[in-house]
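Below are structures written as structure tokens.
There are two complexes below, and they share chain A, which is joined by chain B in the first and by chain C in the second.
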Partner chain A sequence: MGIQEQYRSEAAALLSSGEVKLVIGFGAGSTADRRRPLFARTPEEAEKFVLDAACIANLSTYLVAEGLLSDGKKVGVFLKPDGIRSVNILISEAQLKPEQVVILGYAIENGKDVVPLEGCNISDFSIGEKIRSHTPPTHVIEAAEKIEAMSAEERFEFWKEEFAKCIKCYACRQVCPMCYCRRCIVDVNQPQWVSTSSHTLGNFEWNLVRAFHLAGRCAACGACDRACPVNIPLRLVNYRMGKEVRSAFDYVAGENSDQKPVLASFKQDDPETFIL
Partner chain B sequence: MTRILLRNKLDDCIAAWQKAGFSVLAPVKRHEMSSFGEVQKSGDMALDLILTERTIKDQFFPQTEPLIKYKIGKQQIDSETMTPPEKKRVFFGVRPCDASGLAIDDPLFGWDYKDDYWFRRRDNSVIVTIACAQADDFCMCTSVKLSPDSAKGADVLLRPLLEGSGWQIEVFTERGKALLEIVSSLLLEGNGHTFPLPQVPEKFDLEKVMAWLGDKENFESQFWKDIALRCVGCGSCTFLCPTCHCFDIQDEGDTYQGIRRKNWDSCSFALFTMHTSGHNPRNTQSTRWRQRIMHKFNYYRGKFGVNSCSGCGRCTRQCPVDMGITETLQAITNLPR
Partner chain C sequence: MSEPFEPKIVAFVCTYCTYAGADLAGTSRLKYAPNVRIVRLPCTGRISPMFILKALQKGADSVLVSGCHPGDCHFTAGNYHARRRWTVFRALLSFTGIPEERIRFSWISAAEGAKFAELINEITDDTRKLGPFTQYQELQKVIETQSTY
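Entry: the complex of A and B
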């Protein structure tokens, strides 16, 4: 039995036993190479799940959808390691109760083989070591190094041109599991703290606010980067912030659910280089 | 006898139009994104794209537009109205769906009040549409009763010649005629074989969809809750749509001075309908998605006699969760009657 059939029947079993009220997975998309999120509430619906190397979205975003878990019932969700990291972060930030989430874990190897990850509760997945040794794709590192090698002026020019493209559609925020604020600062309008105008300055404000707010919290799933309709390389922002946090605090977000959020906690030996 | 514009005369045409005071805008690919931008020569144009990622709408209704500059003094308020640029522009290589989008939005911007910011730009622009030679899986102009060679919204329509050497010309308006007058010595007389139009299958039954949407019984249907479940509520589909036109007026500045701006807004956002009290009449994503469909295929038609969709397919192409208008209208078409 292939992994797709195996996970279909596991999802169906979770639903028919009543253990979960809903399973969030993938279904066929509008073209042959697309997959779309699929919500199954019955064992029959679970038969429509697809699981293959095109299932790259981070479905943990839906776990923080308003009202989804407020009835205390459990949900099942298909997650890759980046989704599992996201769940770890959400638990450590007290946004999820571990017992409410049943994970159908899988990994995509070499961009084509889908393999199961053993376990079903978040505590079953010890992916900490794997994350530490995980290296982002070479093209990301190369692009990031190219930017780091620029002078401050060149770097500013680069980001100015990229952020000038932003249309403030907030797709990056909406697909991000870590952007769960019920009212994002840019939506706080009494008074309007961050201007809604999508001119270059306003776009800088938005993208910097978001980068800062995600520092030390990003699961590096790449969802924001893929969602951006104007192709701003948000992966480079995430990569740099991740690197910064790692070198300053030896911290990688999402290693386990007992981690204290790095910028919301204090350690005696934290570096204090910013204090002159 | 029709006339032909040869590709190798395009640079001369651009120069002639520029000399006559026009800016020339065309599809361009810059910084990993395709949109309409100013060009100096034909080599700057990305005419082979099926469709630019950004729409031509941006050039008439920018994402942020300054309206008024104001200063609040002790005794008086000074204000200065900011007018949109009046530069004459040629848009070369517009796709039929994008040009249709402009025509669809005209009645909206001219409804109870004539929006100067839209019409000054419209009145100073000439639209040269190029009929499509290719389509992708998301194109759906035929489903909304348009076509890959629709001249809606166009002043001039060009049909690509089979051998790729140029375009056959059709003129529809006085403005188009005047534009071609400028380059008349560069055009050839003749009839070429034009490229066959791409097959764009109809994806849904528009009549059936409109009838279902028009039935008040269906407004509270479970259908809306189910279909919108995975929508994450971003502004991608509305901001990339050639016909979506909602905006918000914002004063940007401090207590004493500032600029009043017209900024894009989206019915997908929860904030769009949020009252000052905190009450939100559209408090779930399904009610917001329903609004988008109802506005396009029911309310807009009721007011202006046309649907607010030109079938470009961008809403599906760019949706991060593979939603879009097409799926919903297909699902309505397939509902048991």
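Entry: the complex of A and C
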């Protein structure tokens, strides 16, 4: 039995026993190489689940949908390690109760083989060490290093050009599991912190604010990068922020669900070389 | 150029230490550059990075953020939280090419009036050398021309 059939029957069993009210997984997409989220509420619907190497989206973003978990019932969800990492972060930020999430874990190896991950509760997956030793894709590191090697002026020009493309569709915010604020700061208009029309200053501010709000919270799933319709390399900024948090505070987001959010905690001997 | 460039500096300060320090500079009759606009806030923990971006958006050439020394916070830990936030924010500014010299951070206690006066003079001189922050302000001109449609 392939992993797809195995997970289909597991999802169907969860639904028919009434343990979960909903399973969030993948269904067929609009083209052969795309997958689309599928929300199964009956065992019959669970037969439509697809699980293969094209299932790269981070489905944990649907867990924070308003009202989904407020009835105290459980929800099943297909998650890769980066999704499990997001769930860890969401739990540490008190956005999820660990007992409400049943995880159908899988990993994609070498970009083609789908292997199951043992466990169903968040506590079954000890991903801390894997996350610490995990290196992001080489093209991300190389691109970030290239930017860091530039002069400040060149960096500004680089990002000015990238952010000038932004159409403020907020797809990056929509797809991100960490962007769960009921009212995003960009939607606040009294005072209007971020200019909302599509010009470069407002785009700059929006992207800076989003990167700052994700500092030490990003699970590096790359969903924002994939969602961006104008291909702004958003994950580079998030990668740089993650690197900073790690070097300055030895903090890696989503190692476990008990950690305190990095910007909501402190140590008395945190580095402060830049403060006069 | 018709008029020589005078830098605009915005200082976000906490009311318990740096504001009192600035006050001491005044009562001690210390002379310092008049280019600074002080914004008084309850604590450095209240200073959101949005304030800095807003100041730059509205035409500041440099920004100073200043509060109590570690351990002296009126609210016990506000400046520790702020310090973490600044570390991350500075890295972000640097990565996106906003010159770090324009955003300064300092600890100034209520007794350090002289330090405040010196720092303001230093920032004013440095900003005068750097020149106006046209890089960022030109992005703003894009708004003005677009919004006249």
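One rule holds for everything that comes next: the second predicted complex is superposed on the first by the 271 of 276 C-alpha atoms of A that agree within 3 Å, B and C clash if a C-alpha of one lies under 4 Å from a C-alpha of the other, contacts with A are read in each partner's own complex, and residues count from 1 in each chain.
What we mean here is this: a contact is a pair of C-beta atoms (placed from the backbone, for glycine too) under 8 Å apart; a residue touches a chain by one contact, two chains touch by 3 or more.
As the structure is a prediction and not an experimental result, all values here were calculated from the model.
Applying the document's definition of touch, where does A:Lys21 land relative to chain B and chain C: first, second, both, or neither?
Neither partner.
Figure out whether A:Val209 sits in contact with chain B (first) or chain C (second), or with both, or with neither.
Only chain C; A:Val209 stays clear of chain B.
Of the partners chain B and chain C, which touch A:Trp193 in the superposed model: first, second, both, neither?
After superposition on chain A, A:Trp193 lies in contact with chain C alone.
Is A:Val262 in contact with chain B, with chain C, with both, or with neither (first, second, both, neither)?
Only chain C is touched by A:Val262; chain B is not.
Name the contact category of A:Lys160: first (chain B only), second (chain C only), both, or neither.
Second partner only, chain C.
Taking the superposition on A as described, I'd like to know which of chain B and chain C A:Ile185 touches: first, second, both or neither.
Once the two structures are laid over each other on A, A:Ile185 reaches chain C alone.
Under the stated touch criterion, which partner chain does A:Ala171 make contact with: chain B (first), chain C (second), both, or neither?
Once the two structures are laid over each other on A, A:Ala171 reaches chain B alone.
Output check: A:Arg34 vs chain B and chain C. Expected answer is one of first, second, both, neither. What do you get?
first
Show me the chain A residues, by the header's touch rule, that chain B contacts in one structure and chain C contacts in the other.
On chain A, the overlap between the chain B and chain C contacts is residues 195, 197, 199, 202.
Quick check: in the complex, which residue numbers of chain A touch chain B?
Interface residues on chain A, with respect to chain B: 29-31, 34-39, 57, 61-62, 161-162, 165, 167-171, 173-175, 187, 189-190, 192, 195-199, 202, 223, 226-227, 229-231, 233.
Taking the touch rule as given, give the residues of chain C at its contact with chain A in the complex, in rising order.
Contact set of chain C toward chain A: 49-50, 53-54, 57, 70-71, 77, 80-81, 83-100, 104-107, 119, 135-136, 139-140, 142-143, 146-147.
Spell out the residues on chain B that touch chain A in their complex, using ranges where they run on.
31-33, 53-54, 63-64, 137-138, 229-230, 232-236, 238-240, 248, 250, 252, 261, 263-264, 266, 269-271, 276, 316, 318, 320-324, 326-327
Mind pulling up the chain A residues that touch chain C in the complex?
Per the stated touch rule, the residues are 147-148, 150, 152-160, 185, 191, 193, 195, 197, 199-202, 204-205, 208-209, 211-212, 215-216, 237, 240-241, 244-245, 248-249, 262-268, 270-272, 274-276.
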